[in-house]
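Here come two complexes built around subunit A, the first alongside subunit B, the second alongside subunit C.
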Partner chain A sequence: MTNAILTGLMLGGMYALVAMGLTLQYGVARIMNLSYGEFLIAAAFASHWLFTGWAISPFVGLVLVVPLAFGLNYAIYKVLLTPLVRRAPNRDALEVDSILATFGLTFVIQGAMLAMFGGAYYSYSFLAFPVQFLGETVAANRLAALGITILLGLSLYLALTRTRAGTAVRAVAVDPFAAQLVAINVPQASAITFALGGALVAAAGVLVSTFLTFSASSGVVFTMKALIVVVMGGVGNMMGCLVAGLALGLSEALVASYVDPGLTLAVNFALFLAVLLVKPAGLFGRATR
Partner chain B sequence: MTARTAGLAILALAAFALLAFVPRLGNPYYLALAISLLQYTVLATAWGMFSGPTRYVSLATTAFFGVGAYTVAVLGEILPWPVVLLISAGLGAIVAALVGLSTLRLSGVYFVIFTFGLTELIRQLVVWFEVNKSRVLGRYVFVNITQADIYWQLLALTAAVFLLGWLIARSRLGFALRVIGEDETVAKHCGIDTTFAKVALFTISATVMTLAGAIMAPRWTYIEPSIAFNSMISFQVLIMALLGGAHRLWGPVLGAVPLTLLFELLSARFPNTFTIILGCIFLLIVYLLPRGVAGLLEKLAATPGDKATQRVAA
Partner chain C sequence: MSASSMAPDDTHREETMTTFLTRRAALLAAATCAATLGLVGAAYAQNSIKIGYAISRTGPNTGGAAVTTIPNYELWVKEVNAAGGIKLGDKRVPIEVVQYDDRSNAEEAVRALERLINQDKVDFILPPWGTGLNLAVGPTLNREGYPHLAATAVTDRAPELAKRWPNSFWLLGTSADAAKTLVELLTKLRDEKKIGDTVAMVSIADGFGIDLSSAARPAITAAKFKLAYDKSYPIGTQDLAPIVNEVKALNPDVFIAFSYPPDTLALTEQARIAGLNPKVFYTGVGTAFPLYKQKFGKNIEGVMGIGGWSGDSPAIKDYLARHKASAANGAEPDRWASAVTYASLQMLQQAIERVGKVDRAAVIKDLQTGSFDTVIGKVKLENNMPTRYWWVGQWQDGEFYGVAPSKNEGARAAIVPKPAWVAP
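Right after this comes the complex of A and B.
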C-alpha cells in the first residue's frame, strides 16, 4: 500500500510538472496548445541525444535545452500564433483557432520526429540505482526528478506571486483588457508567458526521459494528461495544478496495482468528469469565467 | 418547395443515380478510390453537421468509426448484416449521448479535451476487454460482402446524410444550433434547451460516423484495435471539413474530394514524410482559408450589396 501511494505521488509530481507549463500557456496566453506533448517528447529526444552521443548529464542538458525551448516557443508565438490573436474577434474564436493551429503543429512535429527517429521506443540509463526513501525502495532518477520538480514549482510560484513581472502576468490571466489599462504590455506578456510555458515543458521532457521510455508518437498522451490536470485544477492555477496532478497520479497508481494496469486512461477520464460535474470551473477555479 | 430547390433535388437525384453505376465500370482501382471518396465525404459531412453550426471542434471521429468497425468484427459472423448495422448504430448513438451529456453542458474546451482523448480511451477499453475477457486480440472479418456492396451502402449513407442535414437545417433544431453557434448565452436566454440541441445533433452525427465504420469494416479481413482506432482518420476528416467549409452542408464535400485524391497520391509517394506534409497542409488551411472553399465561393459570388450585409453579419 505504501509503495502504491509513493509511486502515485511520484507519478503525480511528474504530471504536475508536465502540466505547469500548459497552465501558463492556456491560462495567460489563452492558447490551448494541443502540440504541448510533442514539445515534451522533442526535449526528451534532445536529452537522449546529448546523453548517449556526448555523455552530457541530463542535469547539464536542462541548462542547454530549456533556454533553447524558451527561444523556440517565443518565435512560435510571434510567427504562428500572433496572426491568430490579431484575427480573433473574441476569446472563444481564439481558442478554436489556436486548437486547430496547434493540432496541425502536432502532426508537423510528430512527423519530423518519426522521420528522424522512427517509431521505436527510446530510453537511457541515468542514475538507475535503488535508494531507500521513507522506508521504501525507489529509483534514484525518479527521486532526483521529483526534487527538481519541487524546486521548479516553488520558484515559479514565488516568481508569480512575489515579483512585479509575475503580478503583471497574473493580471493578464485575470483580465487581458483591464491589464492594458494599467500599462501592462499584454501582447509582450503573453508571448513571454507562452515561451516560459514552453521552457517548462522542455524541462519536464528532459526529466521524464531519465526514467521513462518514450517514442516519437507518445506526445499525445502527455498532452492529454496535461490538459486534464490543468482543467481539473482550475485554469491558470499553480496550486490546482499540483493537487490535480497528485490526485491523477495517485488514482492511477492505485488502480494499476489493485485493479488492472490497462485501465489507467479510463481512471483519468472518470476523475476528470467527476471533478467537472461537481465543480465545472475546476478544483481551484473561480466560478465566473 | 420553390422551383430552385426542386431543381436542385432533381439534380442531386440524377447525380446519385449516375454514381450508382460506378461498380459497373469493372475497374477495381476506380472502385476502391470511389469507396475512399465516399467514406471521407460521409465522415466530413457528418463532422460538419455538428461542428459547423455549433463551432465545437470534435476530435473523436475515429472513436465512432472504430466502434462501428469493431462491432462488425465481433458480431459480423454471428448475426445477419442489417442487424449488425443496427446494433453498431445503436452503440455509436449511446457512446455519443454519454459523451455529449457529460461534456456538452460545460464550456466548449471540456468537449475538445474529452474528444481528444476519447479514441485512445475506447481503444484502451477494447484492448482491456479483449485481453481479459474474450482472450483474443485482433479478429478476422468473414462476411459475405463485396466491394460493390460496400460502395452502394456508402452511397446510400451519403444520400441519407445529405437528406438528413437538409431536413435538420430547416427544422427548429437547426435554427437552435445556429443561434448557439452565434452566442450560447443569448441562445439560453431565448429559451432554447441548448444541452438537448447539442447532444441531439452530436448523437446524430456520431451515429452516421459509426455506420460508416461498420460499412467499411469488411474491407479489412483482419481488424485489431490499432487499425480500427487509427487517429489519422479524425485528423484527415477535420482537414477536409475545414478546407471545404463546415458552415454549409455541401461544404465538406469540396474538401473531401480533392484531399482524398491528394492523400492517396502523397501516401504512396512520400510514406515517410506524409505526416509532416499533412500537418503543413492543415496549417495552410487554418491560416489562409478560415471559412473554407465554401466561404471563398460565397465571397466571390456575392455582389457588392451582399458584401456589406455579410460584413454586418460577420
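Right after this comes the complex of A and C.
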C-alpha cells in the first residue's frame, strides 16, 4: 500500500508540476496556450543536449534553462500575444484568439525541434538508481522530481499569497479591470505571469526528461494532461493544481496496483467528470459568471 | 500590356494585334508539342527512375519512422546513385525522390500516395512506417498496380492480404507466429530445466500489444505455463511502477512485455530499479533500438526482445557500418525491421534490374517468384511472404542476436538465466 501511494504521489507530483505553469498562463494571463506541451519538450531536449553533449547535470540545467525560458516566454507574450490582448474586446475573445495563435506556435516549435533533433525517441539515464524511502524502493530521479515540485509549488504559493506582486497577480486573475483601478499595471503583470508559467513548464520539462522517454512529437500528451489538471483544480488556482495533480496520480497508481492497469485512463476521466459535475468551476475554483 | 508597346504606329495596330495573336497561338502550339514530345521522349528514354514515398515526419509514428525507415530509404538512394543508379538494360539511371509527410495519419498517407501517382507520376512507391499505415495504403497501391513492400507491418492478416492484393509483400510476418515462436523457445528452456513455469505478461492496449497478447495467451496456457499476471495498460501511461512492483511480488520465471518504445524503456528502467530480474526478461518494440543499448549500457546483457538479426554475418556487419556512416549523428539501425527494410529496397532494385524497364506488373511478378541477395541473406518469397523471420532476439556482448527460431542460420543459443542488473 505504501508503495502504491508513494508511486501515486510521485506521478501526481509530476502532473501538478506539468500543470502549474499552465494554470498561471491560462488563469492569470488568460492565454490558453496550446503549445504548452511543446515548450515542455523543448526544455527536455535542452536538458538532454546539455547532459549528453556537455555532461551538465539536469539540476544545473535547470538553472540555465529556466531563466532562458522565462525570457523567451516574455518575448513571445510581448511580440506575439500583446496584439491579441489589445485587440480582444473581452476575455472570451482573447481565449479564442490565443487558442488559434498558440496552435500555430505548436507547429513552429515542433517543426524546429524536428529539424534540429529529428523524430526519434530520446532518453538518458540520470539518477536512475533505486533509493529506500519510507521503507520502499523508488527511483531516485522521480523522488528528486517530486522534491523539486513540492519546493517550486510551495514557493510559488507563498509568493502568490504573501507578497505584494503575488497579490497583484491574483487580483489580475480575478478581475483585470478592477485591478487596473487600483493602479496595478495589468499588461505588465500578465506578461510576467505568462513568462513565469513558461519558466515553470521548462522546469517541468527538464525534470520529466530524467525519467520519461520523449520525442519531438510528444508535446500534445502533456498539454492534454496539464489542461485536465488545471480545469479540475480550478483555473488559476495553485493549490487546486497541486491537489488535482496529486489526486489524478494517486488514483492512477491505486487503480493500476489494485484493480487493473488498463483502467487508469478511464479512472482519470471518471474523476475529472465527477469533479466537474459536482463543482463545475473546479475543485478550488469560484464561479465567476 | 498597353497598345503603344505593341504597336508604335496606330495605323498598324489592328494588323499587329492579329500577328501577335497568331504568333502567340503558334508559340503555344509549339510549346504544347514540345511538352508532349518531351514527355513521350522521357517515357522512352527514362533518364531517371522516380521513386516516391510518404513517411511520418510528424505525429506519433515519427519516432519509429525516424529510427527504422527514413535512414534506410536515404542510405539506399545515396548508395544507388553513387553507383550510377539503377541498371535498366545496358545503362544506369539515377533515382529521383519525391517525398511527403503523412503526419502519421491514414487519410493523409492515402492522399499523398494519390498525389505521388497522379501528379508526380512516380515510377515506384516505398511504403510508410507501421502496421496501421501499411494497411491503409494497401488498397490504393493495389488498385494502381504498384508493388507494396510492407517491411514494417506485423499483422495476422498478412497471408490473407497477400492473396487479396497480389502486389503486396508482408516481410515482417504475423503476430501469431511471433507469439508462437516465443512460447516454443520458453518451452525448450523449461525442458532444459533452465526456467520454471510461471509467466507474467503485460501488453499495451493498442494494435501491436492486443494482437500479440491475444496470440500469446492461448499459446502460453496450451504449453502448460502458469500465467500469473496478464494485464494491459493504455497507450501513453506515464508510470509503469505499479505494474513492475506487482510482477516483482509474484516472482515469475518469465516476464513478457508486448510494449512500444517509450514503455519498453520505462519497463526496463523500472525493473532495474525495483530489482525485478526474472530468468527471462522480454520486452517489445524498441528493445532492438540503438537507443536501448545507449541508455542501459551494460544492463542490456541477456535482455530478450522482439526481432533480432544474424549479428555475426558479414553482410549485416557491413550494413551496420554503412548505416552508421550515412545516418545523421552516426545513428545505428534498429536490429530488426531496419535490416528487413533495407533488404526490401535491395529486392526492389534487383527486381527492376532483372525486368530492365519500368514495368510494374513485371516487377511484381519478379518479386513473387525471384530470389534475392540481401543483407539479411537470400530471400525467396512464398505466397508473397518470406519463409524465415527472426522472432526473438537477445542482447549478447553488445549485439542483438537472433535466438529464435533456432533453426535459422546464425541463431545463437539464449543466455538463461539473464544476468543480474548492475548499477549504471
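Methods note: the second predicted complex is superposed on the first by the 274 of 289 C-alpha atoms of A that agree within 3 Å, B and C clash if a C-alpha of one lies under 4 Å from a C-alpha of the other, contacts with A are read in each partner's own complex, and residues count from 1 in each chain.
Here is the rule we use: contacts are C-beta pairs under 8 Å (C-beta built on N, C-alpha and C of every residue); 3 or more make two chains touch, one makes a residue touch a chain.
Being a predicted model, the structure only gives us computed values, none of them experimental.
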| item | value |
| --- | --- |
| Partners on subunit A (subunit B, subunit C) - clash or fit | clash |
| First, second, both or neither for A:106, with subunit B first and subunit C second | first |
| Partner chain(s) touched by A:32 [first = subunit B, second = subunit C, both, neither] | first |
| Which of subunit B and subunit C A:114 touches, first, second, both or neither | both |
| Partner chain(s) touched by A:273 [first = subunit B, second = subunit C, both, neither] | first |
| Touching partner for A:125 - first (subunit B), second (subunit C), both, neither | second |
| First (subunit B), second (subunit C), both or neither touched by A:95 | first |
| Which superposed partner A:221 touches (first subunit B, second subunit C, both, neither) | both |
| Which of subunit B and subunit C A:209 touches, first, second, both or neither | neither |
| Touched partner set for A:260, first subunit B, second subunit C, both or neither | both |
| Colliding region between subunit B and subunit C, picked from 134-142, 152-160, 368-376 or 386-394 after the shared-chain fit | 134-142 |
| Common interface residues of subunit A - those touching subunit B in one complex and subunit C in the other | 110-111, 114, 221, 260, 262, 264-265 |
| Residues of subunit C touching subunit A in the complex | 56-60, 62-63, 65-67, 70, 104, 202, 205, 231-234, 236-239, 241-243, 245-246, 261-262, 265-266, 269-270, 272-275, 286, 289, 291, 295-296, 328, 331, 423-424 |
| Contacting residues of subunit B [partner subunit A, same complex] | 55, 57, 59, 102-103, 106-110, 112-114, 116-117, 120-121, 124-125, 127-128, 131-132, 231, 235, 238, 242, 272-280, 282-283, 286-287, 290 |
| In the complex, subunit A residues that touch subunit B | 32, 34, 80, 83, 87, 92, 95-97, 99-101, 103-112, 114-115, 220-221, 223-224, 227-228, 231, 260, 262-266, 268-269, 272-273, 276-277, 280, 289 |
| Residue ranges of subunit A in contact with subunit C within the complex | 3-4, 7, 10-11, 14, 110-111, 114, 118-125, 128-130, 137-139, 211-218, 221, 249, 252-253, 256-257, 260-262, 264-265 |
